[in-house]
Amino acid sequence: MTETIREGDFILLFTPEGGHYLLRAEDRIFHTHRDSVALSDFIGRPFGSVTRGKNGTPFYAVRPTLHDHIMKVRRATQIIYPKEIGIILVKLDVSPGKTVVECGTGSGALTLALAQTVGPEGRVITYEREERFQKLAQGNLERAGLLERVVFKGEVTEDGFEEKEEADALFLDVREPWELLAAAWQALKGGAPFGALVPTVNQVSRLLEALGELPFIGLEVQEILQRFYKTNPERLRPEDRMVAHTGYLIFARKVFER
Amino acid sequence: MTETIREGDFILLFTPEGGHYLLRAEDRIFHTHRDSVALSDFIGRPFGSVTRGKNGTPFYAVRPTLHDHIMKVRRATQIIYPKEIGIILVKLDVSPGKTVVECGTGSGALTLALAQTVGPEGRVITYEREERFQKLAQGNLERAGLLERVVFKGEVTEDGFEEKEEADALFLDVREPWELLAAAWQALKGGAPFGALVPTVNQVSRLLEALGELPFIGLEVQEILQRFYKTNPERLRPEDRMVAHTGYLIFARKVFER
Amino acid sequence: MTETIREGDFILLFTPEGGHYLLRAEDRIFHTHRDSVALSDFIGRPFGSVTRGKNGTPFYAVRPTLHDHIMKVRRATQIIYPKEIGIILVKLDVSPGKTVVECGTGSGALTLALAQTVGPEGRVITYEREERFQKLAQGNLERAGLLERVVFKGEVTEDGFEEKEEADALFLDVREPWELLAAAWQALKGGAPFGALVPTVNQVSRLLEALGELPFIGLEVQEILQRFYKTNPERLRPEDRMVAHTGYLIFARKVFER
Amino acid sequence: MTETIREGDFILLFTPEGGHYLLRAEDRIFHTHRDSVALSDFIGRPFGSVTRGKNGTPFYAVRPTLHDHIMKVRRATQIIYPKEIGIILVKLDVSPGKTVVECGTGSGALTLALAQTVGPEGRVITYEREERFQKLAQGNLERAGLLERVVFKGEVTEDGFEEKEEADALFLDVREPWELLAAAWQALKGGAPFGALVPTVNQVSRLLEALGELPFIGLEVQEILQRFYKTNPERLRPEDRMVAHTGYLIFARKVFER
């Protein structure tokens, strides 16, 4: 019942040295410094298969997950990472059939996660004023096969988001989220969750002030730290270094008055 | 376009003091130490509405999110928390239409998240040998309206999970996950992601050893720390105390040989 | 060569249940809910001795360390904790014979550490405008036998600290450290380290701004997190909860011009 | 009252770009990629002085602290860092006049801190079986002017440490501290604090087991995380990356029986 790898499918290729690469099963040779393997050799074989390279090295092809696609997006901006994306999905209640509004798109890492999770019945509307980021994100969504669920829009105008009381959730990843907060309020359905990510504490303070002036409740600020461990069972210990900061997450709920 | 609260709907009720309660819109009076409000007063009003209590206090009713349902499950066990659930969803590539196997169910917090995310086309199969936990989890799933997507099963037998090469993802939350690892391998489709949560480093070591003896690749161990901040913008600072530990997350991918 | 416990000496008493108490070896009975022991029984015995209670329970008496004295100070304020005190001692280069200025004294936890580390040849000058805190801190220093190394002063006047270019190090633990920064600069010797602790990010920003306007270099902001583990070797894991925040530490160096 | 820089004194030189270098005031030119300064120009000037380079760049010379000496030791091994050294000093009650035993010396970073803190009346006895590390550490101690307070010894023999019931505190930084634990117990005075640092959880478990078999009480395991912030007050945020792990600290107290 394992699906078979078809020509053009994305595979995540693991090398014995522990590297992994997001590639397509196509007519191309993949080289490591020790060996090489024809990517077309995987076609017709099930995901999870091992294929030997020219020198006998085993190469493993698995189906890429959302996590793999996120980590391998082509990027022109700082992306939102899985450690934050996970909690955003849960806090914003992103689920099949929902309508989610996002601004800005950036490289589209969060957009990918939103699009996969709302499913074919759902919809993601994402705003990005920089055309080159929009193009880049569209490419990333297309590669992941999720482009059709996403509506790309440009800059938010004076009239705010085009969606009015339509969003089941809304997320801001922009430099001055307070500027868009009234617009976000308008776009959200009553009671729906709002989220934002900002890198500095000064921005957190400013956004909290703005949230305090509009009908939002349930304000929450948090940060997520992820610590990886080396996987030697006899010498188990954390990695030497870790990401210390990506951003602060702010969440709230729209109400009609306060 | 905001949905209207119907009789029997779950609402998350916010009080002005900052508390929030998962309740139903029904013929019942909700009391705080300062005021009281008839929960039936919310029926017919949109989510996000404010209703005044007997003494004039504003009460806000919003639609509960997955996060709210998870935090308010009735529990007889340690539950998996949103900070872990978020990354589990992303790492296991849980998405609409998928088949996910889980063992053990416990109080069903992760089950809730899996069921919501696989959507009506997906399926969650969850094993739990303790009947009382199974009952409890079924109640929690039913309350969230997600019961029909979940198949509850009892103890894993000598023959392993009933699903063979069928699971798009599999998660173990049991005391001795290494005992079920060969069974988990059998249940997973080729290339599919495996995950587990264990509270002690000794269990991490033991599970890593077991993973090293079976055809699994891409081993990863991590922990997630979540730090909340007080939301006063003029005195922004982390909360005084935080959860220091729930468990270690282990992830891997099934391959057919190694 | 282990010293003998004399009448009136402080002892740290460990009970078999894992509790520990800072007490004096004196004519008094110490009660737990299971047993009791005469504290005078320890007199004349070496530190590290075990004495049996009335019901046979072993009680252990060790000499209290700086850490023990800090954790057991009588407090009327938030104290600075050992996790911060350690790095403060190292960053401020506190060592035998030095002159260290501190403001405010608070309950005297940091004062204790400074006084012990500068030794009998050194001097700690500590400012505190609240008389009741000053009294409290004096009691704490006296109990630890370190009172004579400490000079207690009241409020910092318009003329600043009385010490001019005299302090080998200076630490501010006050609500508005920027108000005292010019005075701190005057009190410090050239090149000497400055430190401060503040609980909110707003205060960090404000202090950094003030430091930027005076001849200080080597600015550094940090926070220290301390995670304890349960000590069962077969079920090794972090404690469930931890202190998430006490304060931010800011360090700099005085130079004569910039 | 600021001391004057004499020929041969160590200075910590700050460049306007934010770098800092541990150097001597001597007849030598120090070059950055933008400018150069004669280090002899600082001789006779007070610490904290600014000296202009050939191209007018300001260079600042301050007196190096313990922290600076630790961070700049010549190293052939992983060193113990200030974040751990601080809490070790406090937990082991290191203070003027004490006798502290350490094993192994390594590059001597902790040795430096112990030697400075015990003062001229105190004594540090440090064991190291690798002669080249011993040499290196002696050089580091000498440069910091602390060599005469330290007794260097080689491998710990079958008879254990030469000090018997003599150590006011003892610290192990070796690969298999459990092998030296009985010897450590013998060397410590009654009630005195014991400490160790190990990098892996497997070592923590093993050491806890060994501690459980000897008369030690007050067992404690902890780790220290240090997070630095960028110092721009208008864009205050943590550094992007941090040290995630150096080691686990284990502390206990010797008692005579249990």
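For reference, chains read A, B, C and D in written order, and residue numbers begin at 1 within each chain.
As a convention for this text, a contact is a pair of C-beta atoms (placed from the backbone, for glycine too) under 8 Å apart; a residue touches a chain by one contact, two chains touch by 3 or more.
Since we're looking at a predicted model, the values are computed, not measured.
Using the contact threshold fixed earlier, the set of chains in contact with both chain A and chain B is C, D.
In this structure chain A contacts its sequence twin chain D using mostly the same residue numbers, the overlap exceeding half. Chain B and chain C carry the same sequence, and matching their CA atoms takes a turn of 180 degrees, rounded to a multiple of 5.
Between chain A and chain D the centroid-to-centroid distance comes to 43 Å (mean Cα coordinates, whole Å).
If you average the Cα atoms of chain C and of chain D, the two centres end up 20 Å apart. Shared contact sites, meaning residues of chain D that touch two or more other chains, fall at 201-202, 204-205, 227-228, 234, 236.
By the touch criterion stated above, chain C contacts chain D in their complex at residues 1-3, 12, 14, 20, 46-50, 58, 60-63, 65-67, 70, 82-83, 85-93, 95-97, 113, 116-117, 119-121, 164-166, 189-193, 201, 204-206, 208-209, 212, 217-234, 236, 248, 253-258. Of all residues in chain A, those touching chain C in their complex are 201-202, 204-205.
Here chain C touches chain B in the complex through residues 199-202, 227-228, 234-245, going by the rule given at the top.
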